[in-house]
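What follows is a group of structures, each given as structure tokens.
Same chain, two partners: subunit A is paired with subunit B first, then with subunit C.
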Partner chain A sequence: MRSIPRLVGARLALLLPLLALVTLVVFALAANSPFDPLLARLGSRAFSMSGSELEALRMAQGEPSVLAQWATWWGDALRGDLGVSLSLRQEVTQVIAERLPWTLLLMAVALVLAVGTGLVLGTLAAVRSGGWLDRVVTGTAYVVQASPVFWVALLGMWLFAIVLGWVPAGGLTDPGSDVVTLGALVRHLALPAVVLGLSQAPWFVLVVRDTVREELAAPYVLGAWGRGVSTPRVVVRHALRSGLLPMVTVLGVRVPELVTGAVLVETIFSWPGIASATVTAATSVDFGLLAALTVVTTVVVVLGNLAADVAYRLLDPRVGAAHE
Partner chain B sequence: MRRLLPLALVTVLATAACSVSAPTQPGGGDAAETSSEGRDTDLVIALPTEPDNLNPVLGFAPHGDGKIFEGLVSINADLQPVPDLAAELPEVSEDGLTYTFTLRDDVTFHDGEPLTSADVRFTYEAALDPDLETPVRADLEALESVETPDDRTVVFHLREPYAPFVYRTTLGIVPEHLLAGEDLTSTSFNQNPVGTGPYELASWRPGEQLVLTAYEDHRDGVPQVERATFLFIEDDAARAARVAAGDVDAAVLPPALARTYADDEGWQVVTAETADFRAVAMPTEDNPVTSDPAVRLALSHALDRQAIIDGVLAGGGRPAWSPIPPEHPAYEEQAEIPFDLDGARRVLDEAGWTEGPDGVRAKDGQRAEFTLMYPAADSVRQSIALAVQSAAADIGIEVSLEGLSWEAISPRMRQDAVVFGSGAPYDPDLTLFNQFHSSQAYQGFANPGGYADEEVDRLIEEGRRTLDPDARNEIYREVQRILAEEQPWVFVAFLEHAYVIREPWTGFPDVVEPHEHGFNGGPWWDLTLLRTP
Partner chain C sequence: MSEASTLAWRPAHQRPPLLVRARERVGRSRTAIAVSLVVLAVLLPAAVLVPWLDPTAATHADITAVYSPPSAEHVLGTDGAGRDLLVRTLAALRTSFLVGLVAAAVATLIGVTVGALAAATVSWGRGAVDQLLMRLVDAVNAVPHLVLGVVIVAMLGPSVSSVITSIALTHWTTPARLVRAEMLSVQGRDFVDVAIVGGASRWRVTMRHVLPQVASRALLAAVLMVPHAIWHESALSFLGLGMPPHLPSLGAMIQDAQVAVFAGHWWPAFWPGLALVVVTLAVSGAAALLRPRERAL
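Moving on to the complex of A and B:
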């Protein structure tokens, strides 16, 4: 257990150089991107603008080197100044502060749903291995795994919001409401969170099913059954506990997918998270916003992995002990 | 797991890169949705696009806003400038270099402060600041300085006569008292604007919705729509779903989708004619085939524009022969080119392009072939390119198509043709000067094919100097007649914009729309006009 603080420390120490590297790559990629930031910023105005003015604007922009841009950005960032978004014409810190919480909320609820679904359905499928429930669950899991998130989102919107009318079709509140109440939030969060959770659930379902099924065949489980321990008790106390370990691994790996899935789901459901800013930042080659969003994504991914590793060690003290 | 981390990051970045390669070209549908329980003072409108910011000085509302902000003039349903913050249209000096506006004395900003000439000067001087990198600066190229002899008078001094200048004074006026000394690139005003318009911003959650409420102290009183909500739903299918779910009162939809509401009770389909043209811009100098005016004229004759509109645009459009829409008083009917395949072939025969054994014409060893580029993400332009290719084949011209990004298209426009889209119905100079004046040749997206004609140059310049409207219109009719012979661009169609609106809302003026539509355009162009019986 002593290894956990050390693990956290080591991982956090790694975070800063990692962020430096990732942002450098972003600046380099953006500089070589096929998108023309000037065209992106002007939008359709570029097509109705006199040519000489367009060329003059291009000249005025100048082109500092990638390294210089990167160094300046970090110099400011370390002083707490993330710069200005040239497309949104807003402080980047403010762009993120306004939108990130909604994204994190959506991702957290979706993750809980995905993990919960994985544990319950995966275990049931394992216990009834080969039965109809198993076949339905694994079959559905493969279908969902192969379905694009935006497609699942549109299908869910059609079924639950239009045909059944159970939940609103989008937004954070009802249209026109300035105030976010808890009730409205829960109703509006339900569908996007379920869609995002569902898109991630197959990985958890399948991995839980496989490990639990293996454990159920292990000698100690057979022994427990032989001693007359009830099936639910065997499953929960023994098999599921071992099944948690690989699932925690999957959890760490799925975090990046969760981020990109959230962007798509937000766009379909008009969820006011970072998605719209991400797309704007990338299409307008908005360096400041792009770099900041990359840092945020990297931090989320690293912390997600770290949380998974910590959970892993808590669940199984053997892990990591060999390295001490 | 540690080893998986870099891989995971690459995945994130790669996916992010893919998801952003979405088209940046406008022209996508707008959607509106039907709103809640028929509350007469509330209107919910679904749009495909969201403003980046709400500051006119930074490029918000290029043809005027009219909701949060007002300009010295606004453009009415007949496309004519009418006084808005100005008491009347400006006095223009004999030489066309000085425009003098007198402001109304009953205008206040949403915070209660009165509007003065200092606010007007501040707005225009801010837009001219090169450090701000705003596209508005380009609209004001002719403006040299702004003078304010007293609180109610604003005098604009131009560098050179520029007759359409009054169309540039739709620029929304921002309050000096809130912005003086602020850094306009990042001031919170850009998201929390204060203007003089009939609506003030109630809230804006980017990516989701923006709410406007009526400004109670506006000089014209409170309109029927007291609260307007704009929902931002980029995806056409999701927007249509929100209409079906009953979340909205009005929406922008792609024309084909909007038409499915034609028979629905409770919904009306509103379509708007536009000056939003699609045209084939031809290289007139550096391409051995398209530099021959006969080839361009023959191609124009070979296009069955109405058939293309019925097929490609599901009927949502009308034929175009120049950037000037038929509503404009300067429109020249004689410049229309009839669909005439025989005529097209005759033009080519007479110019010496004779048909070879493979069905493709040639002249002096030069095959009649050229490349037509289109932005790959734009399905409408792709279809138009295909129609042009097939029409050209009918008369023995071989067109090869290439779908590319704008970044790949722009360096090649000197040699290869491109399907272009733009347009505004207001003043002919706004389009003609950029597209056909020789000074604009090969610059940006203006005149990409390098068209240069001394007579056209002379007429366009004369049009800028001529202040009498009738004389100006005659000049632009002459320009259209020359372009009809020369066909530097082969115009195909003006696209239709389509909307669905819940009954019984009425009052949306029948207005010809520019390329841009969304928050500022569409039937909610002037929200104060909307009403229920």
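Moving on to the complex of A and C:
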């Protein structure tokens, strides 16, 4: 238990150098980019300027080195100024403040759905190991694992939004309204969250099935059965409880994949989160926004992994104790 | 591994790591391997030959047959420009195979180099280099690969080479970790000590004695990376950050199909995605052939 604050401290201490490295790579990539940042900044005004005017402007602005640009960016960033997004015509800090909560909401609901599906289906498959239920569940899990999330999202949209008309095809608010009401939010969130959750569910289903199946053959479980403990109680209280630990490991491993899924799902369903903004920033070569969003994504992943590791130590006191 | 031995309960510390177990279970059965090989034996030649025999078929537009549902004339139907979806999917599959193979090869090459360097420096008493390289691996893994890939393509501009660069620069970490771990374990074996005592140089020990031992694992990692690379390419193309528009790509086809979905047509989106699923399952199934035999315990 004593090691948890130390673990958190060590990870957070590593976060800053990590972010420094990640942004440095992004700046180095930008320096080698064929896109002219000056033209991007001028936008359509560049068309009305002559070549010599552009040259003069370029000379006046100077061409700072990658390291200098990077240092300036961090100097401003640490003072809370992330610059202006050219594509969304907003302060970058404002973009993040408006969009990050929607992404976190989508990811959280999807994760809950994926974990819930994993626990229920994984346990059922393990109990009926080798039977038709097990075969159907594991077979489906492999196919879903291999299915690109953007494909599942489009087919889901076709069936549930276009053909059946149960849910809207995208966005956050109803047409003609700018206010986010709870009812509209639930209706708009349902399909993206289910698709994102479904895309992550196979990993949880398979790991829960495997561990519960192994634990069901363990001596202590046989002992519980021998003492006349009922089957649901043996499965839930004994086998599933040990099955939770490996699942937490998978939780940590899946965080980056969850963000990747969010990028695709948000884009398809026009969900106003940071993941779809990353794509907008990339397609319009909006460098300031892209750099900031890469940092935010990295922070989300590192914190997600950290949370999984902390949960693992809380659940299993043996881990970490050995290193004390 | 027989059913009985997987069912026999072992305390947690005696079991293989979780992710290893999950990976090794895929394609264990002979039927799965056979089906995978048949699927690849049909799809690969079709993807290479069909666009080659009739180069214009994939782009041939027929405005009298826009969004035809699957029929005898167009087995999989047509897209919004009246192009035949079967021919177009096969042409896109050819692009995917090409990009997937090249990108997986480049990523594995980078990964093997970094992993071998890291492991070798440990045995040469330069553990700091190993630490540095492994922190680099952690750093690359801390950014979701698609986000990093999107940044790379956005900065380099959409082209075949930037997509391959994007995949290679994000996917080398898995083989790097694998090769490093395997080499560290091989370096502890007796024959390596014998070679060192026999007067072999560090370079010779690493290149002639240790590295060949991990070659089969590296090859397996490369094959398993092909579906990942294909997925990555299609995701980038789907976002409009992948292949240049004139090259048919599964991801770009699915992106185009968004309009069709809104019009209520399922087939332009369905087939290219199904091709991705089938290829992914078939390659991972066939990769089971390359898996080293379980060592007798």
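Just so it is clear, the second predicted complex is superposed on the first by the 288 of 324 C-alpha atoms of A that agree within 3 Å, B and C clash if a C-alpha of one lies under 4 Å from a C-alpha of the other, contacts with A are read in each partner's own complex, and residues count from 1 in each chain.
As a convention for this text, a residue touches a chain if its C-beta (ideal position, glycine included) is under 8 Å from a C-beta of that chain, and two chains touch if they have at least 3 such contacts.
Please read all numbers here as calculations on a predicted model, not as lab measurements.
Undergrad: First (subunit B), second (subunit C), both or neither: which does A:260 touch?
TA: Both partners, subunit B and subunit C.
Undergrad: Under the stated touch criterion, which partner chain does A:169 make contact with: subunit B (first), subunit C (second), both, or neither?
TA: Both subunit B and subunit C are touched by A:169.
Undergrad: May I ask you to decide whether A:158 touches subunit B, subunit C, both, or neither, giving the answer as first, second, both or neither?
TA: Touch status of A:158: both partners.
Undergrad: Looking at the overlay, does A:269 come into contact with subunit B only (first), subunit C only (second), both, or neither?
TA: first
Undergrad: For A:217, using the defined touch cut-off, is the partner it touches subunit B, subunit C, both, or neither? Pick first, second, both or neither.
TA: second
Undergrad: Classify the contacts of A:22 with the two partner chains as first (subunit B alone), second (subunit C alone), both, or neither.
TA: both
Undergrad: Could you look at A:301 and tell me whether it touches subunit B, subunit C, both or neither (first, second, both, neither)?
TA: both
Undergrad: Between subunit B (first) and subunit C (second), which, if any, makes contact with A:277: first, second, both or neither?
TA: first
Undergrad: Tell me which touches more residues of subunit A here: subunit C or subunit B.
TA: The partner making contact with more of subunit A's residues is B.
Undergrad: Go through subunit A and flag every residue that touches subunit B in one model and subunit C in the other.
TA: Subunit A residues touching both partners: 22, 26, 29, 34-35, 150, 154, 157-158, 162, 169, 249, 253, 256-257, 259-260, 263-264, 267-268, 278-279, 282-283, 294, 297-298, 301-302.
Undergrad: Looking at the complex, which residues from subunit A come into contact with subunit B?
TA: Its residues touching subunit B are 22, 25-26, 29, 34-36, 39-55, 57, 60-61, 84, 86-91, 94, 98-99, 150, 153-154, 157-158, 161-162, 165, 168-172, 174-176, 178, 249, 252-253, 255-257, 259-260, 263-264, 266-273, 275-280, 282-283, 294, 297-298, 301-302, 305, 308-309.
Undergrad: Once bound in the complex, which stretches of subunit C touch subunit A?
TA: Going through subunit C, the ones touching subunit A are 6-10, 15, 18-19, 21-22, 25-26, 138-139, 141-148, 150-157, 227, 231, 234-235, 238-241, 251, 254, 257-258, 261-262, 264, 266, 269-270, 272-273, 276-277, 280-281, 284.
Undergrad: Spell out the residues on subunit B that touch subunit A in their complex, using ranges where they run on.
TA: Residues 1-2, 4-5, 8-9, 11-13, 15-17, 19-20, 22, 24-26, 33, 35-36, 42, 44, 50, 52-53, 55, 58-59, 62, 130, 133, 135, 137-138, 141, 184-186, 188, 190-191, 202-203, 205-209, 211, 227, 229, 231-235, 237-238, 241-242, 244-245, 247-248, 405-408, 410, 420-424, 430-431, 433-434, 439-447, 515-516.
Undergrad: Could you please specify the touching residues of subunit A with respect to subunit C in the complex?
TA: Subunit A reaches subunit C through residues 18, 21-22, 26, 29-30, 32-35, 142-143, 146-148, 150-152, 154-155, 157-158, 162-163, 169, 203, 206-207, 210, 213-215, 217-219, 246, 249-250, 253, 256-257, 259-260, 263-264, 267-268, 278-279, 281-283, 285, 290, 293-294, 297-298, 301-302.
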